[in-house]
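The structure's right below; bear with me while I get my questions together.
Here the chain labels run A, B and C in written order, and each chain numbers its own residues starting at 1.
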Amino acid sequence: MQKGYTLFWLLPALIALVIYPIVTNNVMLRETVFLILLSITLSISLNIILGFTGYVSFGHIVYYGIGAYFAFYLMYAYKVSLIVSIVLGGLVSAAIAFVLGQAVLSLRGAIFAIATIGVNEAVKSLINNISILGGAMGLYFDFSIYDNYGGALKAIWLSYYLMGTLTILSVIAAYYIKKSKFGLGLFSIREDQDASAVLGIKTKLYKSLAYATSAFFPAIAGGIFAFKAGNIEPSGAFNLVKSIEMIVMVMLGGYGSVAGSALGALFYEKIKSILLVMPYVKDLHLAVSGLILLIIVQFAPSGIVGFLTKYFKNLRKVLE
Amino acid sequence: MLAYVNAVISGILIGLAYAIAALGLNLIWGVMKVINLSHGAFIAFGMFAAYMSVKLLGVSVYTSLIPIFVAGLIVGIVAFFVSLYRVLNAPELTTLLSTYSLSLILIGLGTFFFTTNPRAIDTHLGSITLGYSSISYSRIIVGLISLFLAGTLYLFLFKTSLGKAIRAVSQNPTAAKLYGINTTLVLSISFGIGVAFASVSGALIASLFPFTILSGGVYELKSFVICVLGGLGSPAGAILGGLILGLLENLLSLKMPVDYMPFIEFSILVIILLIKPNGILGRR
Amino acid sequence: MILKGTNLKLSFGGLVAVNNVSFEIEEKTIFGIIGPNGAGKTTLFNIISGVYKPQEGKLFFKDKDITNFPTYKRARLGIARTHQIVKPLSELTVIENVMVGACFGKKNYNLKQAQKVALDVINFVGLSTKMFTQAGQLNVAFKKRLELARALANEPEILLLDEVLAGLNPKEVDSMLNVILKIKQNGITIIMIEHLMHAIMKASDYIMVLDSGEKIAQGSPQEISNNQRVIEAYLGDPKLAMQLVGAK
């Protein structure tokens, strides 16, 4: 595909966002940005299977949860180091996604969607019942684990640096996938799966790889957050609302666009922060997200980026 | 031994109620090739409508079934125009997200008004005893009503002109249009019927088990499993699938905690998708 | 002999779509397939490109048995096709569409090489003015050219054309026929399904006639237009048949 300039502005902007709380040493700002970075990472990752390949993954948060539990358990029971744990969590999650993908991605998008809806429920019910993983109560760190990282305070900053790095890596990865031959294949599959197969694309393999990649980054994020929180339990790790938010963010920003996912995450977090302080609206979180999604799907299915590039064609090269 | 008999009978009875839910999903898929992801939300809607009728209006849950059906029909038709009418010819992704957003709105509003506290309806009907175990009358009534509804749907689809129109559109929308059938009318009514069936099944289930605003999701998953088992597009398959699931659930619950059910159902779903994606009786 | 099918059979439920069809196609020729609607022509294409598996019979590509090869593998071998109802990758641009063909075809090019190949093919079929247009926004004639371009970008040895002339006006038909002949000159074997009689009679070296899933005749265009059974099944009017012979 042709040369694009998206990363030229997106990367510096992200780096600036990450550095800002570090430079000002502002803990509250750090926490806010922490959540924004998580949203961006989740949104960008989901876009790989949703926007690039055209398969809606409901309940995608399950990979965040799997990565969180796996990494947490390694640190908790086997005292494995943070970075090794979270990366292993990422790989395990990706492997599970790949295998599941081989099973259900060969079918139409709608059937895949149904399968993913079941996934979250299924995993949650499983984990609620397995006692090694703490069951419904979850697991808690012995806080002495943080001593290995220079104490609790330093450990939290470490988590922050890792999250920032992860977000930036995920954006770069998503962008280069999109511009690669693999990405071209994915977009082709999205447009017409049967034609893609006839043209020589190994559709099943490509779809599974996309799905695995989309699971990898959320899983690592899960590990980071579990480490930071010091505890883990099913409803936090497999938070269905986050799954829903991921979809809304991707569609809001513009599915298929890396910049779109980042923008969508930012916009959504901003809207949320405004709404959550309004008295009645805050309990209507779910309903409002649903309404946003409905409006986007009915009237602006290509999201913010689609809207902008329709009226300002020159923006196409910077909003990929 | 008697526990097994009880499980089988219970399984069949509840299976019929599940079948009614699945029939709603099935009809919508058959007619407009849309998977209604707000299905669970409407099941919850039916549950709470039944609850409110009993608690606020003092009506018996069975009497409330008719107004719930009608309400479901009307709400369904409105929902069709709000979320699907404009995007019927868009890629599949769009309709999935459309109905999904509907479910978010509904469940969001529902959580706001009803909170996630569990509710239950007590029908005060007592039960029949079979040796050491018993089957509650409410289960039997649920089974009978479900059979009645399934039969009525069959008669409607095969013996009325509107029903024939619906079948025509589901087999070949273009040809149906050329024959002068008002496809918009057919599609909106089909969606309405689908939602009505979901709502009524919710009311029926509410008469048997406690529920929360979030229970819809659990039954939505069951409906999916049933439709995939029986074959999307085959009403007979939905009934067969419902019975199988009901039986399976009740027999398995003798051996393992009910918490594992969603995991088992999901596994069944994946296995069927792998071996026989068109279901036992399905057509593509 | 580049492609051979022996006793191919495929039914859908009770309907036998392709019944005991055998054929042999010589390299670098244009092989025409004609027949009334519903004769099984597109189904046969689907069998050749791997979309359907035949219930009986075998398919050979240069003496290799490819009957059970998955769809994508056939493109890698060098079998490309266009579809009767075009399948553009709507939200991708024309050049991106054609690059997909180039990337995943026989030569498995990387993006840079694919772009070069795509440019050449786009010029060849006459789509240069539409290079950066989204495929979904093209009119039917251009969409058909795109379909052809994408298949050519595969750099195939066999090109399956399914009613590529349908819906074109006479001038467009002539222009497309010229392109097809040029493709043949480049050494590609072409299998064509067509309803436009004079076109397919003019272009083909050899023709097979299908009716209700069975092969009812094969031969040179001259032999086909004189064939009584073909005339009855398909051409209908003997006078028309005579005209067609004259047209060759």
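Keep in mind that, in the parts below, a contact is a pair of C-beta atoms (placed from the backbone, for glycine too) under 8 Å apart; a residue touches a chain by one contact, two chains touch by 3 or more.
Model, not experiment: these values are computed from the prediction.
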{"item": "Arrangement of touching chains [line / ring / star / complete / other]", "value": "line"}
{"item": "Most widely separated chain from chain A, with each centre as the mean of CA atoms", "value": "C"}
{"item": "Rounded Å distance between chain B and chain C, as computed from the means of their C-alpha atoms", "value": "46"}
{"item": "Where chain A and chain B are represented by their mean Cα positions, the distance between them in whole Å", "value": "32"}
{"item": "Approximate Å spacing (C-alpha centroids) for the pair chain A, chain C", "value": "44"}
{"item": "Contacts with two or more other chains, residues of chain B listed in rising order", "value": "none"}
{"item": "Chain A contact footprint on chain C (complex, rising order)", "value": "49-51, 70-72, 74-76, 80-81, 83, 87-92, 96, 99-101, 103-105, 110-111, 114, 150, 154"}
{"item": "Of all residues in chain A, those that touch chain C in their complex", "value": "1, 180-181, 184-185, 187-188, 191-192, 194-203, 256"}
{"item": "Interface residues, chain B side, partner chain A - complex", "value": "35, 37, 82-83, 86-87, 90-94, 96-98, 100-109, 111-112, 217-218, 220-221, 224-225, 228, 257, 259-263, 265-267, 269-270, 273-274, 277"}
{"item": "Complex interface listing, chain A residues touching chain B", "value": "50, 54, 56, 58, 100, 103-104, 107-111, 113-115, 117-119, 121-126, 128-129, 244, 247, 251, 283-291, 293-294, 297-298, 301"}
